[in-house]
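Take a look at the structures below.
Paired with chain B in one complex and with chain C in the other, chain A is shared by the two complexes that follow.
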Partner chain A sequence: MSADLKSSLVNPAVSKPPLGTHAPSVALPLGFVLSGLLSLGFGVGWLVLRPSLLATYHYNQYVIALTHLFVLGWISSVVMGAMYQLVPVALETKLYSEKLARVQFACHLVGFVGMVWMFRVWNMKQVGHFGCVLGLGVALFVYNIARTLRRVPKWNVTATAVAAALFWIGFTVTAGLCVAAGKCAYDSNTGFATEGGVPLVVDGLRALGAFMARFDAISAMHAHAHLGGVGFFTMLIVGVSYKLIPMFTLSELRSKTRATASIVLLNIGLAGSFTTILLRSPWKPAFALVVMTALGLYGWELAAILNARKRRSLDWGIKYFLTAVVLLFPLSGLAVVLAWPGLPLNTFTGQLENVYGFLGLVGVVSLAILGMLYKIIPFLVWFGRYSPHIGRAKVPALADLYSTRLQAFGYWSFLAGLGVTCAATLVSSEAFVRMGAILLALAVATLALNVGAMLTHLIKPRLEPLGAPSNPAKSTNRSELTGAKTASPLSPSPISKPA
Partner chain B sequence: MTSQTLTLDLRDDIRQGREPFSKIMSAAAGLQAGDQLLLIAPFEPVPLFGVLERQGFTHQAERTPSGDWQVAFKRQSTGTPASAGLIPDLEHKCTAEVVEVDARGLEPPQPLVKILEAIAGLGLGAELKARTDRRPMHLYAHLDERGFSAETQEQPDGTFLTHVRRS
Partner chain C sequence: MNTITQPLILETLRQVIDPELGCNIVDLGLIYSVTIDGTNARVIMTLTTPGCPMHDSIRFGAEAALLGLEGVERAEVEVVWDPPWHPSMMTEFGRAATGVGSY
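After this line comes the complex of A and B, so read on.
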């Protein structure tokens, strides 16, 4: 038993730095985030070029390919990279293995690029193969985070949400692979397929395919989508924000009971939704309402946290995030409507489904992530480049790393693009979907420019010798000399600029 | 060895709202025994007296006719281990010293910055006690790199107390 462990067992309140003092690598989360941003750029560009993808019903190879570019290439990349970064912050312990995370990154890249490509050409066999590579990566991710969770010094609602999310992402990938297996033909019995253990695997897949044939193809797809969208993305957004929002707004969790209840209900609602969607049961709206209630509790707790905050001004990153949370409510309403038994299947309801998917993935999840990226990336760059110099040189503030004006412009362009695209989708207007997509692309461009600005600090850090005059406009602290309480005696307080 | 006097006129800095603490500390760090640091400020910088005393400076403050304050800080000892034995009083003061830093109620990465900057000004044998809202995960690697060790205890009110000393 290590000395550290011994001393913490003797006196659990006292702990030496847990598990070594090595600084977490910033390259790993940055790698994930940059892959995500590239995918986002590609995805939005694709929509600008092919607005028919939203203006017509979503069950075709191009829409599915684009959707997976969004959910795997953009959202999952950022979420996973962020998780590797946020674990020490949210769970107060060290990531179990950085090496495993790097292997996962490779699997993730190969996996999602391959899958998107193969979806586009509708080669389901290859989708399955690349899906397995991605799945291996996800298995490593789940294992890594699960081992990390075991080290958490104090279990809390965020840890519960993360644990649940791990279960649901595992299930999402499994379900996806099953759906793919169901779409393959298993009639080749020549060459490679007759060697070694391959026939066994093929037989197994054939049986799986036969099992999947019991379910309606579209329902299976929708069920799989909800597992990921609600079980992984929403679960993490809710759970992690219970830790991050108090941290950034200088507040605290107001009611642990309410927060925990929201997570419990979200899980129950999702379990029920998955089953009822898959089986096309008339109980779908009931579980949609359970999910809606869970989200209502979340909104209530968030409002309480914000009410109690000490930092009154909300920066743009937080504004992006909170807007996404607000959009959860029309989204849930739409879910209940679409879940209604006996809903007619026509062009309009088909388009409504498109709006639902788009609003969920772009309006809620992407917008929430964009807000958090504006907190995460500057911190990663600042921590990697500047934190070793604290106390030895003058380091820039976090807010100096990017342009808040661009960020604000991006916010309004994004909202406009979201609104226009949703309306255009509803009325099946390709021209207006394109317009909406262009507005979204503009928003993404502002993010790209800002990320570029942040990254230049990595390449060319802006350090000044101690004692160089600081920018008085950025300083919000009173002088240490007067003995008054101050945020920082040396550099200007490195908080984000108030909006 | 000829002693030198370094003059720092902080009046303009303070009027502009700039934070001169770092300027003062780095100027002080560059002084040898017998050297003087002459500070000119629009008020009497009382908290500095204690901080610089711990670094081995005596002070003499006087008010100028214009209403400003002029403080002459004279370094008595460089504080290096070789000279420590010569001034037993100061050495005794150094080892007993505990600097307290309250980094609660601050948005990240301010707690990290505040603690690391306080460490930059820490005398030999001194200890730092930092209070934070969260376990300061990002701090440990930096402390290690700068030659410090730390121990964190959770407090009954849910905050954290970290003891930092030179390793």
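After this line comes the complex of A and C, so read on.
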């Protein structure tokens, strides 16, 4: 035995705590996730109460407020919280700063709540102010994760996708603040000092507003939305699934070239789409097709990963996620249709745009997140409550923390709600939008029940004492349990070298 | 006489589960070797994937389980990635418990 190994022998008196060296404390990501879930509940409830939001064209203050509640309050909260937890562990590094992450959480909460409220009352100046608070938080988030990425020992396709997503979220927020500046008559400088930095800032904002006035307001809003929807959310779905789907299904990445090509094309397609949407260019369909090609490569690689999986049965969390991936294809087809230059600008087209946005945010991104939440929340709860007890007491598995029946019910309720809401939106039926929203609310309720069940473990852990190990000579032959021959419990492969 | 034996250590490690897969680390085929030196126990093991979020939990859990065994005063668990884990290393019990097909 080497001296190093001897020195690392564990003494019971100085046993190290079994907490992760890579991830931050569970309270931080759990705070983000719970804020997200509350926002989801409010958002779906709002839709039940006001189904007219989807049954009419989307360029109004209430739809914009609801969209930002979904995008910032629900989706971004969960995604950011999950990234603080998963990026360090998935990329085998440490989070740069948990303190910065906590400051970002505060900025995020104040920023998005204020923005949604001010959108609702259509006070664009205050939207800009709260947007700056949110933007400060996003800047901290980008800096923190970027510094974390710099520590990654082995760069891979997932790290590339995360880096790209950081660039696009920064761009999304900047573009959003520019859109807000373009919409507000910035006249608050009358009461300010005439010297120093304040007038300079106000003059700068006026100039920015004048610059943004060159662009069509709806096009600027659509371009901003695509930056966030494709650049941040879709980029992460694609990149992170190259790591997590093999991990959960016991498989491996099949083609690094194909995976890398999908990320590269997604970036090219988005850069082109942003520009052509903003400028109302007839080249929009070409870049929509580039994005579609990127997603086609992604789907191809994901299918190859799943075909090579060792774990044949797929749990409901993975089913949620894969259903979202499947929905990416009708969504991108719809994008090509809506990008077509000769498309008539009538009521039906407007409703088709509503369906596109709803399918993207709720059908694809939300469903993917719901699937991953059934991995993330049990992990956070288990890690926070049971990790110190493993090996000392009998602890439950992750799947024991929630009800799979409720999870399955939530899946079907969500899909039914999605289908009904999309169809009702297309034909502008408020009654059926409400019905669809109620089905979605049922799905959210099942999630809430399951989350409640999981959180009770934090207060009331279910620990049982370990039984004494049975005498191996008399122990049950495990082949009797399976009717098959028992393999050696030690791995048959030789150890070539210790790490 | 030393009462600590390799089969006893394996039975002890069967009480440590991978919470994601819901199966113990022995039947998952994660244990590569067990060495006993007096009252010291040394285990070399792997995990199903590098970057596994449960890395430290499982490693320290295995150490805790060994230290709970009468006669073990020191325990060392080392996680290695070479050779990489493969489902063919699982026992039939492990495959049945996790829904992995036969090899």
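As a working rule, the second predicted complex is superposed on the first by the 437 of 499 C-alpha atoms of A that agree within 3 Å, B and C clash if a C-alpha of one lies under 4 Å from a C-alpha of the other, contacts with A are read in each partner's own complex, and residues count from 1 in each chain.
Just so we're on the same page, contacts are C-beta pairs under 8 Å (C-beta built on N, C-alpha and C of every residue); 3 or more make two chains touch, one makes a residue touch a chain.
From a predicted model like this one, the values you see are computed outputs, not experimental measurements.
Enquirer: Quick one: is A:Ser313 in contact with chain B, with chain C, with both, or with neither? Answer first, second, both or neither.
Expert: In the superposition, A:Ser313 touches chain C alone.
Enquirer: By the touch definition at the top of the document, which applies to A:Met247: first (chain B), second (chain C), both, or neither?
Expert: both
Enquirer: Looking at A:Thr148 after the superposition, I want to know if it touches chain B, chain C, both of them or none. Which is it: first, second, both, neither?
Expert: Neither partner.
Enquirer: What's your read, chain B or chain C touching more residues of chain A?
Expert: Touching more residues of chain A than the other partner does is C.
Enquirer: Please write out, lowest number first, the residues of chain A touched by both chain B and chain C across the two complexes.
Expert: Overlap of chain B and chain C footprints on chain A: residues 15-17, 21-23, 89, 92, 247-248, 250, 310-311, 379, 382-383, 387, 390-392, 394-395, 398, 466-467, 469-470, 472, 475, 479, 481-482, 485, 487-496.
Enquirer: Applying the document's contact rule, which stretches of chain C touch chain A when the two form their complex?
Expert: Residues 5, 7-8, 10-12, 14-17, 19-22, 26-27, 29-34, 37, 40, 42, 44, 46, 48-69, 73-83, 85-93, 95-96, 98-102.
Enquirer: Spell out the residues on chain B that touch chain A in their complex, using ranges where they run on.
Expert: Contacts found on chain B: 10, 13-14, 16-23, 25-27, 41, 43, 45-48, 102, 105-110, 112-114, 116-121, 133-135, 137-138, 140-145, 149-154.
Enquirer: For the complex, give me every residue of chain A touching chain B.
Expert: Per the touch definition, chain A meets chain B at residues 13-17, 21-23, 88-89, 92-94, 153-154, 247-248, 250, 310-311, 379, 382-383, 387-388, 390-392, 394-395, 398, 465-467, 469-470, 472, 475, 477, 479-483, 485, 487-496.
Enquirer: Would you tell me which residues of chain A are touching chain C in their complex?
Expert: Chain A reaches chain C through residues 1, 5, 8-12, 15-23, 85-86, 89-92, 243, 246-248, 250, 310-313, 379, 382-383, 386-387, 390-392, 394-400, 466-467, 469-473, 475, 478-479, 481-482, 484-499.
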